[in-house]
Amino acid sequence: MATHAATAEGHATGAGHDEHHKLSFIRTYIFSTDHKMIAKQFLLASLLFLLIGGILAGLVRWQLGFPGQPIPFIGSMFSDTTAPGGIILPEFYNSLVTMHATFMIFFAIMPLLVGVWGNFLIPLQIGAPDMAFPRLNTASFWISVPAGILMLASFFVEGGAAGAGWTSYAPLSANPEYSGVHMGQVLWLVSLIILGFSSLTGAVNYITTIINMRAPGMTWFRMPLPTWSLFVTSWLLLLAIPILTGGLIMLLFDQTIGTGFFNPATDGEPLLWQHIFWYFGHPEVYILILPAMGLVSEVISNRARKPIFGYHAMVLAIISIAFLGWVVWGHHMFQSGMNPLLGTSFMISTIIIAVPSAIKVFNWLGTLWKGDIHFDVPMLHALAFVAMFIIGGLSGIFMASAPVDIPIHDTYFIVAHIHYVLFGGSLFGIFAGITFWFPKMFGRMMSPKLGKIHFWVTIFAYNAVFFPMHNLGLRNHMRRIYDPNSYEYLQPLQGLNTFISIAAFILIAGQMIFAFSFFYSMFFGEKAEQNPWKSNTLEWTAAGHPPGHGNFPGGTPHVYRGPYEYSSPESNEDFLPQGVPPEPVRRGAVPREPGFLPTGD
Amino acid sequence: MENWSWMLDESASSVGPQIDRLYYIILVITGIVFVATEVTLLYFLFKYRHREGHKAEYIHGNTKAEIIWTAIPALIVLAIALMSRGLWAEIKDPANVPADAMRVMLEAKQFEWNLTYPGPDGELRTGDDFTVRNRLDIPLDRPTVLEMTSVDVIHSFFVPDFRLKQDIVPGMAMQMWFQPTRAGVFPIGCAELCGIGHTRMRGTLTVHSPADYQAWVNEQVQGAASAAEPAAPAPATQAQ
Amino acid sequence: MTTEAQGEHHDPPYMMIFAVLLIMTMGEVGFAFLSLPKFWLALGLCVMAVWKALLVALYYMHLRWEPRRLWILVAAPLPLVVILITAVLTEF
Amino acid sequence: MLGTSEIRGLLASSLVAVLLVGCGGGDSAENAPAATETAAAPAENPVDAATAGNIHGTIKFTGTAPKAVAIDMADEPTCQTATGGTAVIEDVVVGADGGLANVFVYVKSGIDPALKFPVGPGKEIDQQGCQYHPHVIGLQAGEQLTVKNGDPVLHNINATPTTNRGFNRSQPQAGMTFETQFASDEIMIPVRCDVHGWMSAYIGVTSHPYHSVTAADGTFSLDRLPPGTYTLEAWHEKYGTATQEVTVATGQTAEVTFEFDGKVAAEVPMGPVLLVDMHNGTLRRTTTLVQQ
Amino acid sequence: MTSHATSAEQNMMVPDLTFEPGMKVFNMKLGMWVFLLSEVMFFTSLIGSYVILRFAHPDHFPEPGVVLNVPLTAFNTFFLICSSVTMVKAFAAIQKGDQQKFKLWLLGTILIGAAFVGIQAYEYSLLVAEHFGPSAAGYAPVGRGMEEGGPIVGGPLYGATFYTMTGFHGAHVSIGVLCLIFVLIQAMRGKYTAADHRGVEVIGLYWHFVDLVWIVLFTIVYLI
């Protein structure tokens, strides 16, 4: 036992301690092996892609809000094959829709949640000096860079970017004759295959680190919830991404060397692609929400100065969501011609997944109950997450019921639902995370004033954009149609579409406040104290903002209690960090009401 | 907003009212949950906002509460699932396709719906079949079965007023049946992205009274017959 | 508990496993060309393949001597594999 | 902490990337080489007008013409109104005196390859009333083709050549145009609108200016040929091709008559067309190549 | 798990434990196992597609031995199993600190692995010469194979799935050979000792996994 522990330590900490001396610029900022720097690289890169995705969304909304009118200001910059004179062509519109989703899902939300917080928080929260494989971690970021470049480049190749939807249903995506896009689709596929490697290396790293490198005393049930959710998310990544990679490779072969996996002309099965895609795609949905849930749990518990309500239930809910997430993929395919009996089993498993989600919401409410709620910017975003996730979760029940899914499938109801989960959920979670851990990342506080303006603009504009989409869906407005006015019954909805578009432009403009605040605070923000949020978790005990290579210069910290001991009677203050040893003489037993689950000790 | 409503438009097919009923049940349940949770959230935010000298209570959880709020949602969603299950089977189970239905062949291609009707003999795949483009005309008195195929990509046949939607996968023969409940003209759309012309892949579904339907068939058959026999070119062909 | 330490005590029967794998491979090839119904042929071959794969995992990959936790970890994706293939197979 | 210089670099590069995406990219560069090629072509006709002769001719239709098939434009009311509901499929258009219209006639061989002709002034194909005008069009390699949408509805124009580079572009609004050209000769390039299944047109590309499309009365003319013997070919989308030898004497006009008897050709040289076999619902990809 | 087993006091009593006991195997090995799990899913997506396509279109897939050369591949399978044995032998040798034997067995593994790839490439070249390729273009009437005397039996899905699965397996073997060469170079420099030979164990895991995949592939592609 002792030998093994020594080897493990020697291996893991070796990378950290040996490099304490001054490193060159390139090793510090570009090819750094420091997990905190890699997190920042992911942060900047994915915020850039978030912006690009937002611009694409703006163009989509322009076409829907003002169909057939030239794009103002920048309209003349477009080429003849995309938007001659600023008038968006249908093929370009298809590319816009596809690439908006692709950038947002694969290049913005996923790295923002997993790449940024997985890298930044995991070692700090579990008390590890760095990741288990620091160099693999560097590779994880730098593999994703060419993927992003290829995806961007696909706008400039002949035929334009991929235009078969982010789901790339074959055979539209398998045969250039059907979509008019060949090179763009090939680049889309290659880029996602490469990006898969990046996610995979990240997942291997996170899982190994969390399993093997927790500080003494950091037992499974003393792990902070962001780490827990990232651990579970990593498993989803690890096991879902390769499935997609396999499918992408087959689709790539269909597109390039003429195999016929998904091409009915050669007896291939288009439905097989859908199964493979959604077998990845559904866990992917949870990849995009679970880390945000973890971040939000941390912020809510901290800002309500109260232990998280039902810590064990929260962990179990995360795990059961992940497990159930593997058996529900078919609910994306109710109307696809899938075997109806298979549909029934998928419907039941899907509808059951509402339960752990409900548990999480109730536990957040329970955490707020009798709390001492501080409305700081991270807390506002976290509360918005809860409020919006309720809407997104409830609208999901409509689709889970297969018969009700018939009229609303592939309409704007779905668009509303996914944006309530992905924007209202993930993105508010990300904002909560960035504003909460910004002091740890950059040593300065983000401006609370700008943060609040940004928050209120965002929450109002966001609801003005996406809530009416439910109504569009109920009025049978199909998704991904270029010109709703070509259907007579959709013409009365044009006013609503225009309203949504204007709100969307306000929403996008509102994000510029965040961008400004982010970069301004990075250089000119108020200097942050050691533990500005009076948090319990280990990252705030590490000296330095951010801590240097090796994270915990005083040696690996020891952990004595759970992460959410706020307002504990054991402490005179309203928080009790995980790493503070218990006083030699206890203050007496902690009073507990009967029936309360003990947590964290 | 004048078009705002949580209500669905009136349905025109036999399964419509059942789907709508399920929709309204879910709408009421989720509506109650929505209001209850959001109001609780806002109430807590107001009640337990930070005040000087106030300290949060040290509560880790409550097993009883956890069990209650696990069990109740579980029972509700299971009830929804069970209700949905029966209706789903009724709509989609191939065994439930009515035997006396009129059968129409639908062939989807980029970007049109081609519908082949049984001619006067009432049988498909016989010499008197006729094909029309983007028009589905059916009689009111009997169910219709669509035998659907696609020749290129996946299309989705969508009739909002009938609560009908079915993807048509190339290489697969798909069936869908429905029974109209009132006469009228209804829009048909394509709900699955199918390429450049996706937005214009539409048609109309006309439900005739039985007599009108017969008249329409006769009109179509005569038109097809006269088109088939060679004749002198009409003067209009010189339009160049 | 480490494998390094374990290796001293157990000397895994590498050559014996090799012989078993070899014989089973020959058996498989022979079995494949028997005139049995396709179903039994496929079933028999699958059982043999899974058995061989298990032998490799247990002995050559030393899973037999690993802690129980690693077993659980390694078994994690197997249900997912089964779910995917069986569910999609019912489709066709 | 990030270095200031690094952040500046990141910001600058992000801005550039955003602007690039904003532009939406495209293949404006792709047209450039073709344009220079056009410019390099000689401005003057190398054929001596004093000695040149002409070919005039008629395509006669001797069989019984099939009755024109009316197009049901009910789901495109704009076109329905524009055509007054009288639009028909233009595959066989026979004039009052038996002339066959929409036949592409061109000199297949006999032109001295050393002659370099100036590129023609360009032609236009208009989508009007959900039909192509003209239905058959002749172009010289490198000659500019202007594609225009005269309808206030969405059209896409999908050309599927075999040797040339095809295009599939949509034009959602009335008055939209774009220019394109074909680099090498090809008989014939089919053109379809995917949104309106009945719309079709054909483009013939030759490396010289000696091509013509018959008018409603079946007549055509090829002017200013150097004296010599030529192989003339007439192409019809349904009846296939017919060839004749013609000798043009100095300063003379040769008269030619082709006859089509109404027998549908087994093979018509044209690029790939996606056809739907209405009877068994399978997709057939026809590629009948030019036999040269 | 260990949530109740360790109290704060107990933790302070065992100060030599630098990390909470997670998997009780070293990081690299755990990482490799975790990575192999993702490989399981990758091959599942390829093999699963094959199983499903074959189940849906049995007429595309000829009887064993009709198109593919079973004896040649059986011989190749024997090779790969041999390479697994040499790999464990190398591992056993370095466990005992026998550097000479370790390097020899390692070299043997590399040679046999390379031979496997070589034989597979040879097999491909034979098949391509018989016009059995991955593309659907070589098959005349869809689903029926070439009836006009061509050597291809079965449908286009056969070639597509065959080349994709065996090709990606071959790529894995090739990567394994490259890694083994790297390990051999490290071994020449004396990096591995009886006390610390983690690299050998980890690359061994990968190598055996590739062998394991081939066992499954050989059965379902060549024999069923």
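We call the chains A, B, C, D and E, going by the order they appear; numbering starts again at 1 in every chain.
As a convention for this text, a residue touches a chain if its C-beta (ideal position, glycine included) is under 8 Å from a C-beta of that chain, and two chains touch if they have at least 3 such contacts.
The shown structure was predicted, so the numbers you read here are calculated from the model rather than taken from an experiment.
*Asks:* Can you give the shortest number of steps from subunit B to subunit E, where adjacent chains in the path must touch?
*Replies:* The fewest touching-chain steps linking subunit B to subunit E number 2.
*Asks:* Where the centre means the average of the CA atoms, what chain is farthest from subunit A?
*Replies:* D
*Asks:* Measuring between Cα centroids, which chain is at the maximum distance from subunit C?
*Replies:* Greatest centre separation from subunit C goes to chain D.
*Asks:* So which chain ends up closest to the centre of the protein, judged by Cα positions averaged per chain?
*Replies:* Checking distances from each chain centre to the full centroid gives A.
*Asks:* Round to the nearest whole Å and give the separation of the Cα centres of subunit A and subunit D.
*Replies:* Whole-Å distance between the two chain centres: 51.
*Asks:* How big is the gap, in whole Å, between where the Cα atoms of subunit D centre and where those of subunit E centre?
*Replies:* Distance between chain centres: 55 Å.
*Asks:* Averaged over CA atoms, how far is the centre of subunit A from the centre of subunit C? Could you give it in whole Å?
*Replies:* Roughly 37 Å separates the two chain centres.
*Asks:* Take the average of all CA coordinates in subunit A, do the same for subunit B, and state the distance between these two points in whole angstrom.
*Replies:* 32
*Asks:* For subunit B, write out the residues touching at least two other chains, lowest number first.
*Replies:* 110, 152, 170, 195-197, 199-200, 202
*Asks:* Mind pulling the residue numbers of subunit A that touch at least two other chains?
*Replies:* 4, 90-91, 180, 239, 243, 265, 267-269, 271-272, 341, 482-483, 486
*Asks:* By residue number and range, which residues of subunit D touch two or more other chains?
*Replies:* Residues 154, 156, 168, 170, 274, 283.
*Asks:* Mind listing each pair of touching chains for me?
*Replies:* Chain pairs that touch: A-B, A-C, A-D, A-E, B-D, C-E.
*Asks:* Give every residue of subunit C touching subunit A within the complex, in rising order.
*Replies:* 1-2, 4-5, 76-77, 80, 83-84, 87-88, 90-92
*Asks:* Which of the residues in subunit C end up touching subunit E in this complex?
*Replies:* Within the complex, subunit C touches subunit E at residues 1-4, 7-8, 11-12, 14-15, 18, 21-22, 25-26, 28-29, 31-33, 41-42, 45-46, 48-50, 52-53, 56-57, 59-62, 66-67, 69-70, 73-74, 76-78, 80-81, 84-85, 88-89, 91-92.
*Asks:* Which of the residues in subunit D come into contact with subunit B in the complex?
*Replies:* 64-70, 72, 74-75, 86, 88, 90, 92-96, 101, 133-135, 153-154, 156, 168, 170, 194-195, 197, 215-216, 274, 276, 278, 281-283
*Asks:* In their shared complex, at which residues does subunit A touch subunit E?
*Replies:* Going by the criterion above, the answer is residues 2, 4-5, 7-9, 11-13, 128, 132-133, 136, 200, 203-205, 207-208, 210-222, 238-247, 249-250, 253, 257-261, 263, 265-269, 272, 276, 556, 558-561, 581-582, 601.
*Asks:* Going by the contact rule at the top, pick out the subunit E residues touching subunit C in the complex.
*Replies:* 23-26, 30, 33-34, 37, 40-41, 44, 48, 51-52, 55-56, 64-65, 70, 74, 77-78, 81-82, 84-85, 87-89, 92, 95, 195, 197, 201, 204-205, 208-209, 211-212, 215-216, 218-220, 222-224
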